[in-house]
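Per-chain numbering from 1; labels A, B, C, D, E and F assigned in written order.
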Amino acid sequence: MALTHFDGKGDAHMVDVSDKDVTSRIAVARGYIKMQSETFDIISEGRAKKGDVLGVARLAGIMGAKKTADLIPLCHPLPITKVSVEMELDADLPGVRIEATVKTTGQTGVEMEALTAVSTTALTIYDMSKAVDKSMEIGGIHVQLKDGGKSGRYEAK
Amino acid sequence: MALTHFDGKGDAHMVDVSDKDVTSRIAVARGYIKMQSETFDIISEGRAKKGDVLGVARLAGIMGAKKTADLIPLCHPLPITKVSVEMELDADLPGVRIEATVKTTGQTGVEMEALTAVSTTALTIYDMSKAVDKSMEIGGIHVQLKDGGKSGRYEAK
Amino acid sequence: MALTHFDGKGDAHMVDVSDKDVTSRIAVARGYIKMQSETFDIISEGRAKKGDVLGVARLAGIMGAKKTADLIPLCHPLPITKVSVEMELDADLPGVRIEATVKTTGQTGVEMEALTAVSTTALTIYDMSKAVDKSMEIGGIHVQLKDGGKSGRYEAK
Amino acid sequence: MALTHFDGKGDAHMVDVSDKDVTSRIAVARGYIKMQSETFDIISEGRAKKGDVLGVARLAGIMGAKKTADLIPLCHPLPITKVSVEMELDADLPGVRIEATVKTTGQTGVEMEALTAVSTTALTIYDMSKAVDKSMEIGGIHVQLKDGGKSGRYEAK
Amino acid sequence: MALTHFDGKGDAHMVDVSDKDVTSRIAVARGYIKMQSETFDIISEGRAKKGDVLGVARLAGIMGAKKTADLIPLCHPLPITKVSVEMELDADLPGVRIEATVKTTGQTGVEMEALTAVSTTALTIYDMSKAVDKSMEIGGIHVQLKDGGKSGRYEAK
Amino acid sequence: MALTHFDGKGDAHMVDVSDKDVTSRIAVARGYIKMQSETFDIISEGRAKKGDVLGVARLAGIMGAKKTADLIPLCHPLPITKVSVEMELDADLPGVRIEATVKTTGQTGVEMEALTAVSTTALTIYDMSKAVDKSMEIGGIHVQLKDGGKSGRYEAK
């Protein structure tokens, strides 16, 4: 099986999607950021009181989705029609679980936009908490669901 | 301990670094992307022959570091003086291990730039390989080393 | 009545416009920048002779419209099909009156693009004239007309 | 007196600041957005409960300051060292009063960054509230304070 | 014959393409960069061995095409559906011949995107080789082919 | 002699300039765009009357210089302190001769910024005149002068 991002000679190119249908497409990606318990407590409490780390990170994730074609060299620019970022404080991790949903009406899928939203959200949580915890770790970033194009529905097991 | 990205009232702000010294600063971040064995083989062979996934991803990572202040809401823009991205094919993972090194001569650290470089490199590997494997997972993104500012040297255990 | 930019839990999101029709949409926004008489005279004369403040500001406004989705966090990226910026020297203000018209064929309106064009035009006039007048004031920025979507025609009184 | 953004022939250029000193500079800009009483109430209540318009707008303002050199054609790119955006709900307006403070250690002033922060904050409030009120008006945008360069301290009366 | 980028009063505007059909459009642009024989040899050999100048330049060209509407003031933003950049080492020049192909399904042509891709590719070759040769020259940049809109097929002689 | 943009293994990296001195640096680049006589006449006359192609192109060139580190993958971001773009109508070409001058106080040179300014200026002239002439050709883009760093003064013959 071949990597479509290279042509017959092995040179990178932006794949031709001119002949693909304009359809409704959706992608959901997930990931998390793990931290020390003390950091988790500060973020959890801050939510209610002193500084909303998750609110800032959510916005960064949404804006990050819009920058995907600028960040990922061979991604097509797409008219995104929806972005949402959900976060859940998970005391067992401890840390924050992130899920991004992106939709478009276009000629190619939006899983890169969803992955970029998750990744940017996690990086922003790191940035805002790094004064108290440099050991945080971002992981588990994967595509959970993709639907709407010719290749059909994909759902992670 | 407090999160510096919020002021006394709990509102987000870009921290004042006007009075910090202009010093040489370095940060190293690491992460990986796991994939199926077949995908790993395609990328490994492609390196030599048909399409250099890692070469494209490296460039994306370097350019990603330059976009950090644009992506992360409260990051300071910085005159980056060096970015490198090393990758290692790890058959045991199986997948690719990524390490980014960023330097600046400035008033604040560059760990966000290094983390963004790793993250963008991994996302680009996903993008270029997703035609053959949608189940890849990005993880282990953390700061390995940070040095050069007032807060001293940090090294991950 | 609810603010659509927040979901049921009160979290910000980019509203889903996937099911909205692709229609021709137009928006017109207006605003002004007030200045001292001496500044007004320099700009008015410069127009003909020495340096075209309004020409530079117009271009900035047009380019600003294209950056709207990058500037305003929850704005959808849109394929803009027309931008024009009209300016009128008003000796009674004294200052410059600005009107921007933006069109798209898309799934959501372009009033933010028109407002951003007016705002960027005014900021550029400030920038180019600030060496002679720091007291200029930008005001009256509002949507004058919006038409083409499901919510119908809106015209400012 | 001449506009410095044009050379002897009347052509626009980015002024040469190579020989200006690198000094600590600060600028404060102000502005407001007026709205209907009902809109004011929704935003005021949302602050506490359902959707934080001001939190999103503040972040947009801070990120907007970082985009100034990209938006304003003849602005110099600058290493911003601090941005904060304060907002006050003013029931008499009724609306929101905005104040942005920007600092740099550089060769030219940051009043354009402060004005752009105020302007972007106001535009974002408009965007987030336009579903309930299209008649909002942005105004009073001016430089309140500028200090730190050769031209000395400027304070609006 | 008139320049369409100015309105009746001679002011620049972004031309209204709202009423143009959404059609498949293609453009091909060409250009070259000339260099000293020694530089040519280093690049040619590097291709196989030590550092792939052309691989980096190709990627820059592809990404450059996506930035066209950001670089060229009156260009419309377009959903690009394909970009490829071909390069040929020409020992007679000596130097590199560049050809970029861009496609869209949109309301206006993509010749500016193809020209920007060629130009960015050439500039990147310059950047990567300037340590050994400052005298390189970029030239011959022109539109080779344009097809798909109302104005019909254009092919350079 | 080696290409500095690759490390010992042949992988691209952004060269480490941390230890280079912060000095005043200048670069001058030149180029031209050739066109048909009729196009030349339209642009020449428009200058005075109906639409200032050169004014728009100059501004695009100045803004293009600021985007250099975003366009050229391995370029360092730099605090540009001056950009000017001079143009000369040359009836013998026939066409427009372009010269860009860029200065910085930084750790690396600005020849890429000057080349990018020339290139963007020429592309914008093409864009604004393409309705009347698709056969224009951009050429002769080279570095005319570079001074201020460790490698000393370079001047094209």
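Definition applied: contacts are C-beta pairs under 8 Å (C-beta built on N, C-alpha and C of every residue); 3 or more make two chains touch, one makes a residue touch a chain.
Everything numeric here is computed off the predicted structure, so don't read it as measured data.
Any chain that touches subunit B and also touches subunit E is listed here: A, F.
Here A-E and C-F were compared by C-beta pairs in contact; the pair with more is A-E. Summarising the inter-chain layout, the chain whose CA centre lies farthest from the centre of subunit F is A. Most remote chain with respect to subunit C, judged by CA-atom centres, is B.
If you average the Cα atoms of subunit B and of subunit C, the two centres end up 37 Å apart. We define each chain's centre as the mean of its Cα atoms; on that basis subunit B and subunit D are separated by 31 Å. The mean-CA centres of subunit E and subunit F are about 15 angstrom from one another, to the nearest whole unit. For subunit C, residues touching at least two other chains, in rising order: 11-12, 52, 55-56, 59, 63, 67, 70, 73-74, 77, 79.
Chain pairs that touch, as defined above: A-B, A-C, A-D, A-E, B-D, B-E, B-F, C-D, C-E, C-F, D-F, E-F. Residues of subunit D that touch subunit B in their complex: 24, 55, 58-59, 62-63, 65-67, 77, 79-86, 103-105.
Within the complex formed with subunit C, the subunit E residues making contact are 7, 11-18, 69-70, 73-74, 76-79, 106-107.
Within the complex formed with subunit F, the subunit E residues making contact are 1-6, 10-12, 31, 38, 42, 46, 49-53, 56, 59-60, 63-64, 67, 70-75, 111-112, 115-116, 119-120, 122-124, 126-132, 134-143, 146, 154, 156.
Those residues of subunit F whose C-beta lies close enough to touch subunit C in the complex are 52, 55-56, 59, 63.
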